[in-house]
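Remarks on the structure that follows.
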Amino acid sequence: MNAPVHDPLASYRIETEPFYRPAGNEVALYQQAYRHRMPLILKGPTGCGKTRFVEHMAWSLGRPLVTLACNEDMTASDLVGRYLLDANGTAWHDGPLTLAVRHGGICYLDEVVEARQDTTVVIHPLTDARRVLPLDKKGELVHAHPDFQLVVSYNPGYQSSAKDMKPSTRQRFAALEFDYPASTLEAEIVAHEAGVGLDLASKLVAIAHCSRELKHRGLDEGVSTRMLIYAGVLIRDGVTPRESCEMTMTRALTDDPDMASALQGFVEAQFG
Amino acid sequence: MNAPVHDPLASYRIETEPFYRPAGNEVALYQQAYRHRMPLILKGPTGCGKTRFVEHMAWSLGRPLVTLACNEDMTASDLVGRYLLDANGTAWHDGPLTLAVRHGGICYLDEVVEARQDTTVVIHPLTDARRVLPLDKKGELVHAHPDFQLVVSYNPGYQSSAKDMKPSTRQRFAALEFDYPASTLEAEIVAHEAGVGLDLASKLVAIAHCSRELKHRGLDEGVSTRMLIYAGVLIRDGVTPRESCEMTMTRALTDDPDMASALQGFVEAQFG
Amino acid sequence: MNAPVHDPLASYRIETEPFYRPAGNEVALYQQAYRHRMPLILKGPTGCGKTRFVEHMAWSLGRPLVTLACNEDMTASDLVGRYLLDANGTAWHDGPLTLAVRHGGICYLDEVVEARQDTTVVIHPLTDARRVLPLDKKGELVHAHPDFQLVVSYNPGYQSSAKDMKPSTRQRFAALEFDYPASTLEAEIVAHEAGVGLDLASKLVAIAHCSRELKHRGLDEGVSTRMLIYAGVLIRDGVTPRESCEMTMTRALTDDPDMASALQGFVEAQFG
Amino acid sequence: MNAPVHDPLASYRIETEPFYRPAGNEVALYQQAYRHRMPLILKGPTGCGKTRFVEHMAWSLGRPLVTLACNEDMTASDLVGRYLLDANGTAWHDGPLTLAVRHGGICYLDEVVEARQDTTVVIHPLTDARRVLPLDKKGELVHAHPDFQLVVSYNPGYQSSAKDMKPSTRQRFAALEFDYPASTLEAEIVAHEAGVGLDLASKLVAIAHCSRELKHRGLDEGVSTRMLIYAGVLIRDGVTPRESCEMTMTRALTDDPDMASALQGFVEAQFG
Amino acid sequence: MNAPVHDPLASYRIETEPFYRPAGNEVALYQQAYRHRMPLILKGPTGCGKTRFVEHMAWSLGRPLVTLACNEDMTASDLVGRYLLDANGTAWHDGPLTLAVRHGGICYLDEVVEARQDTTVVIHPLTDARRVLPLDKKGELVHAHPDFQLVVSYNPGYQSSAKDMKPSTRQRFAALEFDYPASTLEAEIVAHEAGVGLDLASKLVAIAHCSRELKHRGLDEGVSTRMLIYAGVLIRDGVTPRESCEMTMTRALTDDPDMASALQGFVEAQFG
Amino acid sequence: MNAPVHDPLASYRIETEPFYRPAGNEVALYQQAYRHRMPLILKGPTGCGKTRFVEHMAWSLGRPLVTLACNEDMTASDLVGRYLLDANGTAWHDGPLTLAVRHGGICYLDEVVEARQDTTVVIHPLTDARRVLPLDKKGELVHAHPDFQLVVSYNPGYQSSAKDMKPSTRQRFAALEFDYPASTLEAEIVAHEAGVGLDLASKLVAIAHCSRELKHRGLDEGVSTRMLIYAGVLIRDGVTPRESCEMTMTRALTDDPDMASALQGFVEAQFG
């Protein structure tokens, strides 16, 4: 039931290099922050590459990456661990955060603003000079492994103020800001990942740019790079561009008929 | 207590071909999406055939189908699994989603917008390049079987915005849109499933069309294809059309006397 | 702790014929619906005889009847079953719904609108062509016994719209509508059940009719047939009609002094 | 851990006659209702003697009395019973209601409107012709002992409409209404129970009558008979009437200075 | 895990006389109430000496005192007891209230209005003629030890009406009202407890009196006797009066700068 | 599973002197308060050094420090302890507060206003003359070790009144107020902790002062001393001052573009 003794984080190691194209000096800044094990916030819209970035950094630093998608039903115990019953009574099982703290992984809390307070407060003593994780239920104070780092992310665009991070939590982090990649870079990424030509990829990126203008004017989010790759894959396989874009962008993004026809209009403009 | 070792998904296999009449090229588009194991949203009104469609696709692809009706009391553990106590202490039991992920089924989350956040967030790492399912409580990272695909459905017509999918979830899916079948096709389906003539079936379809005009004007939903089949079955057995339609459509759809007499008026127009 | 092996539904069989006087052709319609195992909604006011009707039908069809009074604290596990700890660890115990599904009973969910969503969603796959009950926690898919039927009831008169059935649930059922029996029939029932003469019974029914006019004008419900039987029983035993009616109708129906004296006025009119 | 085998309700038997002075023909009406095991509602203000009445009736009928004070945190399991773990696994333990149903006690649910729905719905099948109690979690249907009767009480004066009994529950009961005893009778009761003279008791009753006029004009309830007995006891022991009444009535009933001085005014009028 | 057999309340006995200066005849009135085991409410502002008074009475009557600080998360089980698992299965463990009821202690529920309904309803049968505590989960009816008494307290000054005691609960108690002691007496108490002269104590009491005038005009509560003792202790140890009062009164009572400077003004007036 | 017998608080001892520069006479006042084991409130903005101060005091007094970050999901059991199952049944495990109470530590409840009522009420009997901790679930009354002291903190700046401390809790504490250190002192701290020159440190402090002026005008909190240290560390490592400040202050403090450019303006003013 437990992970092997020699490397409890083995399944969290990233074996092959995740594809990542830097947009600026974010790689160097992350490396500096990691040198000091500075806790980091990654901010940016959905699907712009934050998760891919932290995977790439973990791979390049040779550190295991423990990723946790935060949500409002996640409890502190889901992070920290709990007692479970076995044949000899109850035994403690480290949660994913504790595994990373104890054995020196990078712990990545994705969409941290979705988590409840007890989840975010649990990380406070890990993010100041103490670098400890109190396992209150077990009565143990875990001192962080020298390689441990905490990284969190959120999308400043659509969470309500009720779900903002508490000031006392924010002040414990340095922050990097992300956005969708620039047009040329994004087209290169789409071409590479979908296996299509740059010309087709550029048309798809043009549609995405139009859709992102509609953000806050009827769309919660514009078309993401991931959606462009989906569209490219279908077109490569012989589905018409119109059907491909309808299936991977228009229908996926909105249920509103007016918005849908606006989005299909952008498609027509490129492929009509 | 466990499923047999050799095929843990045996009871989820569909032995006989589910009756399905395509309305457009949705079968081809689904096949393309499955080739890339692209996560799919099926959108459309209640009773228009989304569930039947995914059953038909699972049958034609030879894949087991694990269907879960989402609801607000369903927890992530209901999907993912939990520890249960046996004679030797606690042992892990895979939930239905984990079974599908591990052994290569199609997992279909019906009415996904009814689920709580922890249910939808749990599927995020399954719907990007990673295709993994973290079993946080067990400390295991399950890599998806190559045949695994995730399909979800919802009805954009009547769920409130409070129950909309999060943008960060939507962007992980391609989407197909469904509607009630066209009149001729719907009559064929009713005739086939209820064992009645096309003439009677067409009258029933005509009633359904009138009722669907009342949607959002006093009815939450119009008469579904399933209701028409119920009515047809009773008429075939000798119940009068009036009583059959009252029992399977009017009384079932509404408690409002005015609505009920409007609906019975449509019945009179066909059978009076 | 378990029911006997040979007939797990033995205690749910109805040995003696429940007294029921049909008001129309509801018996024939129910029989048709049962032939096709069509899921049924029984609608009508409190105490008008819905429960008695389904008992009578179960008796006449020779089927065991598993009745469940729905309420907002009932969980899906209360219907479906759960793991319980015994000397060898945990063992699965079928819930009442599962017993009916597996062994071919009629399952009657009384006041279904009081139940929470997870209770109503659990019945979806039982009410379409699949006729299966997924035991998610056990990882089993129970195929319904050929004799199984699902019947639900509710009172459309006083539940709020917040407690209405979801359209996607309603569309899975045919529906029968009930009301209090006509005067002559109701008097016969009261005379039979309370052991009093038709003359006295008719006076009591007259009071009930007056009270039912006050529904939605200060009373949530009028006097039910059951209350009339109580009153008849006390009068037969020598309690004065005035005291009997006050005890079984007036005091039981309302705490409001004006309503109470209006009701006693109806009593005076018959017995004064 | 269990009650003795021969009489599981032994500790619920009432050995000595509870002091009760009838105010009208409520004793005869209760006896008639018990003859038919008719479910009963006792309505009336706090402290007017409902509990004492049902104790007296249980004593005079020679039946054990299982009293349960209802509250919003009480679950159906608290009434019905639950599985408890012992050395051989889990074993079922009957709850107080089940004990009364199985072995023929009178079960008295005090302040039933405070209970949650699942508590009140659980009593439905006990209060119609079936007289059964389904133990859903145990899969047992308990047929009520011939001596079993259900009695509930509430105070119609101050519960909100949100806490009213559901019409479908009310209609299952006959009802008796109680009020504070008439002046002479109440003085006799106070004199008997506090061991004071009728003269002093009458003065205390006069204070109570004044206070009850203030109900709904600043007081939730007037002075109860129980409070008068407390005051009488202290006066008998040598505490001044003024201090006794202040301690047992004024300070106990209200925190409002104006109300308190109004109440003390009534005391002055009798003892000043 | 259990208390010793011979005196289960040993740790609740008060060995040394708690310092208490009566303000009126409250000691005599309590003694009368205890003679009849009359349930008692102690009302009064925070820190005025209610807890000290009941400790003093328990000591002078030679009775153990079981004190419970009520709060909205306390359950009836926290009072009454619960089953706990040991090597032979589950065994019942009496809660603090049950210990006092069974073995004859005084049970003091501090700030009873903070408790949930199930906590207050559980005490009803202990506070009328029955003097019993039903352990519903255990199926036992505990008859109170002859020495058992129930005492509750609350502060009528700042709890909302939503947290008022239910009339049906209040009527079961006699009540004593407390306030801060008169100036001379309070100065004596401060001098005695802080080990300072009467002159200094009187100055501190003067500050408290000014602060109590601000109650409901910006302060929730004025300076309590306990705060004056803290201030006296610090001054005796050489901290300046200004710093002592700022630390023990001003900073502790308010976060509002205007209120704080008003309070410091009172300090200046005495020590400036 | 338990801490060693000889020093259960060993892991809570502070081995090396925490760096702390006093701003006034807070060290002397704390020492006086500790002499009398007076409960203490530390008030002040996020990141101003309250936690560091109490660490320093615990170190200088040679006492172990048990720190608990309060949150709304923390239960009284998380503080006090609970029964856990082992091979012999359930055994009690002291919580962190109980460990400090029993063995003489300083218990520090950080951000106490975030805790629920049951957490704060549990500390009442520890903060008056009794100095006891009732373990209600265990039936034990723990008398505090002579060295035990309770310290709590909160930030009066941004918690809502709904999260204010109850007056009956506040009155049990003396209070010390903290603010950001004066400019010269803060520059010394930044220089010492980040390993940079005083000149650079002073520039960073100047930026912080400007940002703190924006508090309540768009920022929840200004730049903290901790953030300045982060910035200093990055600049020392060769990152440009502009990028360093953007990463550790601007991006971390706000998501608002206007606020962000105001903050970057302060950076330009110092380093531009």
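Things to note:
Per-chain residue numbering starts at 1, and chain names A, B, C, D, E and F are given in the order in which the chains are listed.
One rule holds in what follows: a residue touches a chain if its C-beta (ideal position, glycine included) is under 8 Å from a C-beta of that chain, and two chains touch if they have at least 3 such contacts.
Keep in mind it's a predicted model, so treat the numbers as computed, not measured.
Among the remaining chains, those touching chain C as well as chain E are D.
Minimum number of contact steps separating chain E from chain F: 1.
Least-squares overlay of CA atoms from chain C onto chain D yields a rotation of 60° to the nearest 5. Two copies of one sequence, chain A and chain F, touch each other mainly through non-matching residues, since under half of the numbers at the interface are common to both.
Across the assembly, the mean Cα position most removed from that of chain E is the one of B. Chain centres here are Cα averages; for chain C and chain F they lie 60 Å apart.
Remark: chain D and chain E have CA centroids separated by 30 Å (rounded to whole angstrom).
If each chain is reduced to the centroid of its CA atoms, chain B and chain F end up 52 Å from each other.
Shared contact sites, meaning residues of chain F that touch two or more other chains, fall at 85, 88. Chain A contributes residues 25, 29, 32-33, 35-36, 38, 41, 43, 75-76, 83, 85, 88-90, 92, 116-118, 121-122, 124-125, 128-129, 134, 136-141, 156, 167-168, 170-177 to its touches with chain F in the complex.
Those residues of chain B whose C-beta lies close enough to touch chain C in the complex are 1-3, 11-12, 18, 46-47, 51-52, 67-74, 78, 82, 84-88, 93-96, 99, 110-111, 114, 155, 158, 220-221, 224, 226-227, 230, 233-234, 237, 239, 243, 247-248, 251-253, 255.
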